[in-house]
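Below, chain A partners chain B and then partners chain C, in two separate complexes.
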Partner chain A sequence: MDALGRHWKKIALAVIFVISLFVPFFVQNNYFLGVIILGYIWAIATYGLNILLGYTGQLSLGHAGFFGIGAYTVGVLTVGYEFPFWPSLLIAVIASSVLGFLIGIFALRTRNEYFAIFTLGVGFVIYLVIERWEGLTGGALGLIGVPYPEGIGPIQFDGPGSLYYLILGFLILTIYIAWSIANSLVGRSFMAIRNSEELAAATGINVGRAKQLAFAISTGVAGLAGGLYATYIGFLGPAIVNVPTTFEILLYLLVGGMGSLSGPLVGAFLVTTLFQFLQQFEAYRLVILGPLVVIIIIFFPKGLAGLWHAAETRIRKRMNKNPAPDESSESAKEEAR
Partner chain B sequence: MLLTTKNLGITFGGLKAVNEVDFEVERGTVAAIIGPNGAGKSTFFNLISGFHKPTTGTVTLDGEDLTNLPAHKTVRSGMARTFQTTNLFMEDTVLDNLIVGHRVRTKSNIFDAILRTPRLRREEKESRERAMESLAFAGVDRLAERTVGSISQEAQKRVSIALALATEPKILLLDEPAAGVNNEETEGLATLIRKLVEHEYTVCLVEHKMSMVMGLADKIMVLHHGEKIAEGEPKEVASNEAVIEAYLGAEEEDDA
Partner chain C sequence: MELFLQQLINGIALGSVYSLAALGLTLVFGVLRIPNLAHGALYMIGAYVTYFALTSYGIPYIVAIGISAAVLALIGVIVERLVFHPLRNAPHTHHLIAAVGVLFFLQSGAQVLWGSEFREMPSPFTGVINIFGLNIGQQRLVVIFASILVMAALYWFLKKTVPGQTIEAIEQDRTGASLVGIDANRVSMMTFAISAALAAVAASLVAPINLVFPTMGEALNLKVFAIIILGGLGSIPGAIVGGFALALAEVFSSTYVSNAFSEAIGFLFLLVVLAVRPTGLFSKGA
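Let's look at the complex of A and B:
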């Protein structure tokens, strides 16, 4: 039964992967392709937040700031200093990660809601600096003309189609990194901290250092998403760095399911797409969104991934009912919790 | 002596929660710390295991000075502890809760994780094996795949002792290991503690249940208002006037 379940998952993954490869052929309309590409970029940013919030249990509200550091590093280097894209992206990831690490030294001295407020402040300060430092970032006018990436060998990045594959590649890389962390002793240390900092320390985990590592990874991934955003959109304005962006990313994670591997992708993809379709409602979108968040937090605290998991357990229980009484009684107990 | 404290004390805003306590635990024995509520027992544990920094005195484990080490470093030096509330992650399986226990003896880092290096694979395997061994030792290996939330209180207590064992400790500090379980189960846990000592572990426990302590401990220290008021074999302590007044008397009143 277990083997069957695992195979089933592999098959589903393969199908999704193949579909994702052919998307640009189905979707000839550049607008829709753009919606999907942006969904991928926000999914990458959400994976970053998931490592800190989902795995380690630390709510950072400065995530958009680090997304912005990544985006503006690429923007300033390519537009202002005519740097090539690839080294700029690398510098963007390193810069946002190192900055996250350094800020973490101070921010992680606070806990829980204080940490959330502290990072909210950090995010806002990053926004202010970007908005006011006109000489470097173009201020409120922003940066125009961030170039597409240079081609690698025969591959040229000259339009949404090729950029789609580039960003899909980075998304898969990000998912792989998230998976490999979750399935390692490093990830287990993160989750032990989420569960109980005291118990984690009593098992010999350096709680402070592990949190800081999680923070640096999380901000580095946010920076990667920012850098990709810069090259894809080609224009950067300070609004994208501001606090509401953080809450949008948080919403993606809540909808998808904190701490799960599929959650960030599902949440980011679904909500960004939904946003696009609700665009005609403009500010009223928030009226729909607000109650949605409340409903999710109250009734589905583990998001869609949690809902899916519960359904899966139920189906398994039903399928197991006859042949293996032992197993079924166990899953029944599991469900009774 | 495996564990020694000298003049160990801590002051919280003028209150001497633990006041200059000298204490020793011999290798391969069970030592118990008892005392009325608020006597400073848990604080004493927190001082030994690095959760609080002492204001006075020293802590030595197996010849190594641990006085100002943070908690996670005392674990590396061989100190393991459990908490009154088990703090385990209810939604994960017992085994998943335990694998991280061996983390302190491993070296693989984030790059090992991403590159899936042989070192990571080896250490994952070691941690898993160590977790299963510890569960088997504590008599709960058959529950490995169950979620912690679905097993009994007593089993959870055993799992948290197994988690402490997974860190490969020299000494186990058990904070009220029998809190919240019935008499029969308490006896089972006492048997487990005896088994620990038979396998050359050293145990130091804080416990409220006098019956358990009397039959189990080689040595008892009594704390009252943060001070050591008596120390010795269970019989000596039980007949000590100051102890009867401070602790046993109070307990009888409570029970009545």
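Let's look at the complex of A and C:
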């Protein structure tokens, strides 16, 4: 029982992974497959925000701007300059993360509310530049005809089925990166900053540099999600870069659970699919969502991951009066917030 | 020169609207440390209330503004009680996120209830006055004078009345204010009421010049934040100076440079100021 209890997470992960591999076989409807792919792309963007907000405790309201820089870098290079997709995607990730790093130099001089509002301003200026620079970005009309990625060896990316695997691969890569960060010294220093900047500085963490690193990783991941979005959708308009997109990503993270590893995936996936099924209520979407955000932040600030964790702890306590030693340290880690 | 003076007056009219809206925002921040991202949405609702009071009930313009201010004051109190009061001890990111939720709700609620079309607000002040060869719309003069009046009333309220002084007391020292028996709850509600009412007045004054539509608060929302950051979060003179400064910068850059640039100038200025002074221009230090 104990062995099963200890390994059930790995087993569950393996089951989910196998299911995700077979999704294109039992989802024959391209529309539903598209919904799932978009869910994955938004999950990647949400992982980016989680590194900054969830782990490091800094709320950036300019996330959509960096998503947009990734998307438009791929769009402009492939459509405007007929660059191949793969180098464009690489440039997109580098560009958004370098820009994030540079903006971080100034943005991270500010703290708390100032940082949130500064990044809100950054996001809005990025949006304005993209919307107004018609010669480069197509302005309000946008960019049409972003190509699918070129094939790698025998693998061709020519439809939703093959793109599904590509984006699943990037999602797994992102989750792996997030997991390694969370379990590394760097990740621990992020969380120390989240819990108390002064304390973190006192223990010898270079707070400024750590925050800057978190910001650059976060914007780089947002750029990756943007680049994948560009190739999958094939069309880019400035609206996707605007502030409401940031708010939606924030909502995904909030529903899933800030600072947890599974939160971004669960939140982004659940909310985007829910949106699709609620499409006939499109107009009421945000009327329901607004109060939902408020209720979550007041009563369940740790999101679904927090609820799940609480339920799990309760069940374990009931099953086993003496929790396994690794369990206590694990819960201490998550309770650290 | 004529163009310059004309635009100067337009800038002052716009600036008084910005200042009124920014005052409400900075008051809530100064007293409650809440960056209320839903402020622009309250502003928008205020314009709609005035619009319907005018068109559906035929209430005179000035009275309609008063009604709108009262309704928004009530909405402000409700928002404070339901949303921000339960979060009073939460980390600052939670306030921002909750405010985003309120913003979503109000903005899309307006869209569902009243549609997304642009509405023109009728105002009795449609004439044009000729002063020294300048043609000035009456509505712009009404905006300027009404704003000055409201600002003066706010100043009098904060400095000369007991309820107003309790707000200032809480702003200066929360613990000290509670020690002398000031009810922080009442002050929180009062602050939100005043803040929302100021937003309603600002929106109702400018709506006959611009238009009424559900996303009318979006651009303003960002601008008022830029203003109060420039002025120092929580600083009342800062909000007024910042409001006029931004409006004049916008009006003149759209006249002499370009429209697109004038939209971005506030934010560019904001980013530059924050990059140099991370706590705003006139902040008293954290």
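In the analysis below, the second predicted complex is superposed on the first by the 315 of 337 C-alpha atoms of A that agree within 3 Å, B and C clash if a C-alpha of one lies under 4 Å from a C-alpha of the other, contacts with A are read in each partner's own complex, and residues count from 1 in each chain.
Quick note on the criterion: contacts are C-beta pairs under 8 Å (C-beta built on N, C-alpha and C of every residue); 3 or more make two chains touch, one makes a residue touch a chain.
Predicted model, so just to flag it, every value in this text is computed and none were measured.
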Tell me which partner A:Ile172 touches in the superposition: chain B (first), chain C (second), both or neither.
-> neither
Touching A:Leu289 in the superposition: chain B (first), chain C (second), both, neither?
-> second
Touching A:Ser189, do we find chain B (first), chain C (second), both, or neither?
-> first
Can A:Ile16 be said to touch chain B (first), chain C (second), both, or neither?
-> neither
First (chain B), second (chain C), both or neither: which does A:Gly204 touch?
-> first
Given the touch rule stated above, what does A:Leu102 touch, chain B (first), chain C (second), both, or neither?
-> neither
Can A:Ile315 be said to touch chain B (first), chain C (second), both, or neither?
-> neither
Between chain B and chain C, point out the one touching more chain A residues.
-> C
In the overlay, answer first, second, both or neither for which of chain B and chain C A:Ile217 touches.
-> first
Shared contact residues on chain A for chain B and chain C?
-> none
Chain A touches which residues of chain C in the complex?
-> 29, 33, 35, 82-83, 86-87, 90-94, 96-98, 100-109, 111-112, 218, 222, 225-226, 229, 233, 260, 263-264, 267-268, 270-271, 274-275, 278-280
Note which residues of chain B are touching chain A in the complex, please.
-> 49, 51, 70-72, 75-76, 80-83, 87-90, 96, 99-101, 103-104, 106, 108-110, 112-114, 116, 120, 123-124, 127, 146-147, 149-150, 163-164, 166-167
Note: in the complex, chain A contacts chain B through residues 176-177, 180-181, 183-189, 191-192, 195-196, 198-207, 213, 217, 330, 333-334, 336-337
Hey, which residues of chain A end up touching chain C in the complex?
-> 53, 57, 59, 61, 106-107, 109-114, 116-118, 120-122, 124-125, 128-129, 132, 243, 247, 250, 254, 283-287, 289-294, 297-298, 301
